[in-house]
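Structures given as structure tokens follow.
You will see two complexes here that share chain A, one where it goes with chain B and one where it goes with chain C.
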Partner chain A sequence: MARFIIKRTLLGLFTLFVIITVTFFLIAGAPGDPIAAKVEQMPEKAQRVIRAKYGLDQPVFKRYIIYMKNLITTGDFGESIIYTGRSATDVIKANAPISVKINIIALLAQVIIGVFLGLVAALNMGKSVDHITRVSVVLAICIPSFVFAALLQYFVAFKWRLVPVFGWGKPAHYVLPVLAYALPGIATYAKYMRSSTLSVINEDYIVTAKAKGATQGRIVRKHILRNAMIPIVTMLGPAIAGIFGSSFVIENVFAIPGLGSYYVNAVRDNDYTMVLGLTVFFAILYVAALILVDILYGVVDPRIKVAGGED
Partner chain B sequence: MKNNILLEVRNLHISFSTYAGTVQAVRGVDFSLNVGETLAIVGESGCGKTVTVKSIVRLLPQDVAKIHGDNVGITLDGEDLLSLEEVEMSRVRGKRIAMIFQDPMTSLNPTMKIGDQIGEVLLIHKNVSKKEARLQALELLQMVNIPNAEQRIDQYPFEFSGGMLQRVMIATAIACDPEILIADEPTTALDVTIQAQIIELIKNLQRERDMGVILVTHDLGVVASMADRIHVMYAGQIVERGTADEIFYSPKHPYTLALLKSVPKLTEDKQEPLYSLIGTPPDLINPPHGCSFAPRCEFAMKICRIAEPSPTLFGGYHESCCWLHHPKANKSGVPEILLREVV
Partner chain C sequence: MRRKKLGFVSLILLFSVTFSMLGGCAKKEEPVVSNGEIDEFQKFVFSSNSEVTGLNPLLNTTAPDNGLQAIILETLIDSVADEDGTAIIKAAAAETWDVSEDGLVYTFKIRDNAVWNDGVPVTADDFVFTYRMMATPEVGSTNAWLFDGVIKNFGEALYEGTKTPEEIGVEAIDEKTVQFTLTKPCAYFLDLLTGAKPVREDKWEEWGSTYGSSHDKIVMNGPFLIDSWDQNVQMTLVKNEDYWDAANVKLDVIERKVIREPATAVQALLSGQIDVVGTNDPEWRQVIEAEGDKFRMIQMPDNAPEFLGFNCNNKYFKNPKIRIAFSLGFDREKYIEDLRYGLSEPLYSLIPSVINCGDMPYKERVGGRNEIVKELMEQYPDPRALLVEGLVEEGFDPDPSKMDVKYATRGTAEYSKKSAEWLQQQYEEVLGVSIIIDMMEWNIMWEKVDQNDYDICTAGWGPYYNDPNALLEIFHPTDGYFDSTKTGWTGPDAEKYAELLEKASSSTDDDERAELFLEAEKLLVGTGVVAPTYCAVSTIYLADYVKGYYVSPVAGVDYTKIYTVGRP
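Then we have the complex of A and B:
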């Protein structure tokens, strides 16, 4: 196991290196530069001083070397070009916990509720519970989360006045964003769980379990659940990344001071250091999530360990 | 002999609703199993043998399979299994009647340790702790001759070979000391040397524990070495029944004879192609009139396609459903073995 984790971590680091490099050159190649708009009225000389300060007068390659050297030796993402004195690290420290909190709650809700719904639907295949779940699942998958956000804001917050429309700080502020965020995910998990449960139910070992005298409840708990969860674990990696992606939108809709708004603004302003810093941060999370899923896979399905080169 | 009967199946009809129509998979099967006896049900694929034995422990999908028939009954020691509640039935399964299946590779849960799968049946039926269940599982593994049982107990099915998995299935089946072991084609998915070992294992365990065994197979070689009585099934009916000697040495039904002829023999001339029965079993959505074997039977007469033959008794238990044994039947050209008087 340890060897497997080390191997995956090294590969992950290589992936990060590639991501940073590609992002660096992509941003550098994008039209415009971060200070062009701001310094238009400044005298030529002042402009040059500012450019020199951020190293923008250097060739791209040299900038890349300097950036990488700083990143590796100090772990510093650098100072924002737009907001003087604010570094990407500060922004991440201050705002990431907010995003992460929402994301984790939403992800847990998605997996737990989705898996439960899918399981119940599959076990009652052809009955009304199944039909209702299937129709709602298709609807919920098709409707994007920002539409849910607007609907929830209108009904739950504005008409019924159960929770605040937007804002941040109190526990009640969590309700709508988490719901809006989780609904499409719940539906997706329910859909996958339903179909994987249905295929597991028809396996020979379920008949064996029944022939051993196991009751329906025991068969579900001991034999169906774990085997039907295998495809769900596969989905978790991309899901963790996806949940970061869609949080930009939700954070904007509900005016949540998460990382999302900073990321969007940084891209709009060509704020090189911020974009890079946040990208690297997301990439680290993503790669870590994938490694975690690979490990989880081995926990859920014992057959995977062999493929990992252990034995 | 009568009070020795452990399991009795009476006038069993099973039909499946499918999109194409209702398949009458089993059409009036009767048999009984005595204490400690081995009963074989033999027939080609699709003749209803697996369906018959699965219905004994009610493992058929309830939504599509219908069990019916006048005065139909499956009784275990006088208790009607068909009328039991599902919960009561689950106390019979694995404890009083255990079952092993055709394909051991798919019949074990891939994500559960071998020891836990054997122990599960003990946890369900016997009031044992997890620790005790594990200890007993270990003993059972040793009993079915799994080498290094102490290590093997914590492994997963993918780490076992097919033959070893079938041993695990057998260990699971005998864990609660059942009165009846149903073995549904236990050797079909295994290679020949392993087949012999598995059959030997079942035979030994049966002798030690005085279990009744119902052996379902299409392999007459397997049957010969262990069955006391044999039932030959064709198209959902039992066409001939008798002791192993009667079936092997004086078959009375042309289908039985065809089955026997299609077994390769060591003494046979290797240049001669092996006998094979022409045609396929009838469509059980619309079973043929008369004898269902008539369309493939080389001795079929006019009457065979009109009326169903009733069983002719040849003394003892030996019985066959064939018009050839009617006094008025034209017996010219029929092999002597089918007609021979039994002494």
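Then we have the complex of A and C:
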């Protein structure tokens, strides 16, 4: 197990290096530059002064060496060109917790409600519960979350005045964004859970368990749930990494200060340091989450032995 | 065993994060008591669609940055909106000022009771330091370029390195007197000064590059101070009790919210979460107007013209006749009806009607003779014939449908697409030309303009000060933003244009300046180098309990005048 983790970590580091390099050259090669966003209207000589300040007058490769050296020796992503005096690290520290809070609540709701609905639908296959769940699931998957967000805002907040239209800081502010985030997820988990449960139900060992006189509750808990959860665990990895990111659109609708809008704006403005900082941050999370999922597989299904494991 | 532990730990993690977010959110709203007249607790809430990127006035100079900094940092003199929407220059940190007879030396006397929020007096040295930092290339100040060629030795220090920042024409005569020496008379110098907000030397040294990155890393001297700043959500400002004119400041608290989605902002206004909103969307306007007199409407014409630029290096557009035909080839009023809900000023001159030349609008001063496009319309009632004439002159096939012209959009948003298609259709109908729409992001369009790699581009320009020169100088063939390498505009007309602008800038007689600007505009708009299109009109809705809120396209809101009566 330890050897596996070390191996995966080294591989992860290499992946990160590749991601940083590719991102650096991609964004440097993209048309437009961060100064264009900032100094759109300035005469050329004024732009030159500002370009020199941020080192953008240097050739791309030299900028890459400087950036990498700085990143490795100090671990610093560098100062944002748009948000002067602040680094990507500051922005992540300030805004990631907000995305995390909303997303964790939403993710919990998604998994718990989704798994429950999927299980109930599968166990009652062909009955009305199943039909209702299936139809709602298809609907919920089809409605884009931003449409749902706008509808929620219009009716729940604006028409019925149950919660504030927008804002951040009070518990009531969580209601709508969490709902908007959770709905498509609930539907997706329910759909996967339903089909994986159905495939498990007909396995021989379930029949054996029934034949041995196990109660319905025990069969569901011990035999069905654990096996049917495997696809859910697979989906959980990226989802856990995703809790730090968030939907730019939903953030805009409810004026939530998460990381999403920073990321999108940074790309739009070609704010090199910010884009790289955020990309590396998300990449680290993603790589870590994938390693975690590999480990979790072993927990859910003892039959899966990770590569390189001794036992 | 190990497996179970892992599951357990992650569960605890999940729950602790979930619960920690539930705490620390409850915050009481301040009670609002109305005694029938002016509210006891004075609060004003507004929103913006973008966050403040930073508080450093030399580096953070986007429009939202400037708007916010104007509340917390006081310049020597200020330009604010008056009741009738005009701009007035008012004494701010400076109590009085003198201008020498030749218009070259400005002397400002700073108030004795002007102080920073940490109690340190505002001195002449603060302003001298601010301007020196702006003239230092390593600082990379984003609004410094405005003073190039205006303040003595400024450009030499910033761009050429032939002078040091200490040698620029800004000096402290004594502790409270600051003097500016100009290179030539500048009719709009006072207006320029309103944009340069002060920084303080000791803190600038102490905080270095983090100056202004948070509200505890800035010293303020304005009527309001930042109390809390949750970036991207809200900034809360409180009255500065040490402000020299605090007795006349009515608001206790200003809240600045960030709402990016226009629909959210309108709903927030209707549900009483904010006090003011700007929207031109006819559906939302209807919804707001259905509320009756709960909201007041203010319509404000903008000062930023929109225009089409024709690349004069292009094989077709090097011919003025073809350019003029394209300038006349669409109906400006129809554009506004079709695309802007009828809410805009059609432009027949590059200078919108709100721009002043001296103490009256330029348009008034020249008696409306600046509507050059209208004159062209009379002169050439059939733009298509003019186009064919131009095509023949240049040795092309006289059939306009054989032309190959690309239109570069400024962005890929819905509006850019719609307006491009609208123009495509107009040119098809009026000129018989099928232009090709080249959709691109705005920064790519600017880069193409930089490289003179376009046929037709669409652009807008917000003038930095209230004078026709602020708009005309951008087309100066050597010093302007749209210089001849971008526009391709060269030759005797361009040279004459530069001469006229230089002549105007050394004059102090506003009538003479207006005439010179008109001559220059005839060369620029009259030969179709640019085709002015429209100037936006903003519709603003204000909660009726808010009083003293005045807006102007050419000056900022004066927050010291705002108060509320009967806020629910």
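In this section, the second predicted complex is superposed on the first by the 286 of 311 C-alpha atoms of A that agree within 3 Å, B and C clash if a C-alpha of one lies under 4 Å from a C-alpha of the other, contacts with A are read in each partner's own complex, and residues count from 1 in each chain.
Keep this in mind: a residue touches a chain if its C-beta (ideal position, glycine included) is under 8 Å from a C-beta of that chain, and two chains touch if they have at least 3 such contacts.
In this text, all values refer to a predicted model and were calculated from it rather than measured experimentally.
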Joint occupancy of chain A by chain B and chain C, clash or fit: fit
Contacts of A:59 with chain B and chain C, given as first, second, both or neither: neither
Contacts of A:75 with chain B and chain C, given as first, second, both or neither: neither
Partner chain(s) touched by A:86 [first = chain B, second = chain C, both, neither]: second
Touching partner for A:222 - first (chain B), second (chain C), both, neither: first
Vertex chain A angle, Cα centres of chain C and chain B, expressed to the nearest 10 degrees: 160
Dominant contact partner of chain A by residue count, chain C or chain B: C
Partner chain(s) touched by A:257 [first = chain B, second = chain C, both, neither]: second
First, second, both or neither for A:46, with chain B first and chain C second: second
CA minimum distance (chain B, chain C), superposed complexes, angstrom: 12
Interfacial residue positions of chain A with respect to chain C in the complex: 31-33, 36-46, 49-50, 52-54, 79, 82-86, 90, 94-95, 100-101, 104-105, 108, 150, 153-154, 157-158, 161, 164-171, 174, 252-255, 257, 261-262, 268, 270, 295, 298-299
In the complex with chain B, residue positions of chain A that touch it: 203-205, 207-215, 218, 222-223, 226-227, 230, 300-303, 306
Partner chain A, residues of chain B touching it in the complex: 57, 59, 87, 90-95, 98-99, 101, 103, 106-112, 120-121, 124-125, 156, 158, 169, 172
Sites on chain C touched by chain A in the complex: 3, 6-7, 14, 17-18, 21-22, 25-27, 51, 53-54, 56, 59-60, 137-140, 142, 144-145, 148, 158-159, 209-213, 217, 230-234, 257-261, 263-264, 267-268, 270-271, 273, 441, 443-444, 446-447, 461-462, 464, 474, 479-481, 483
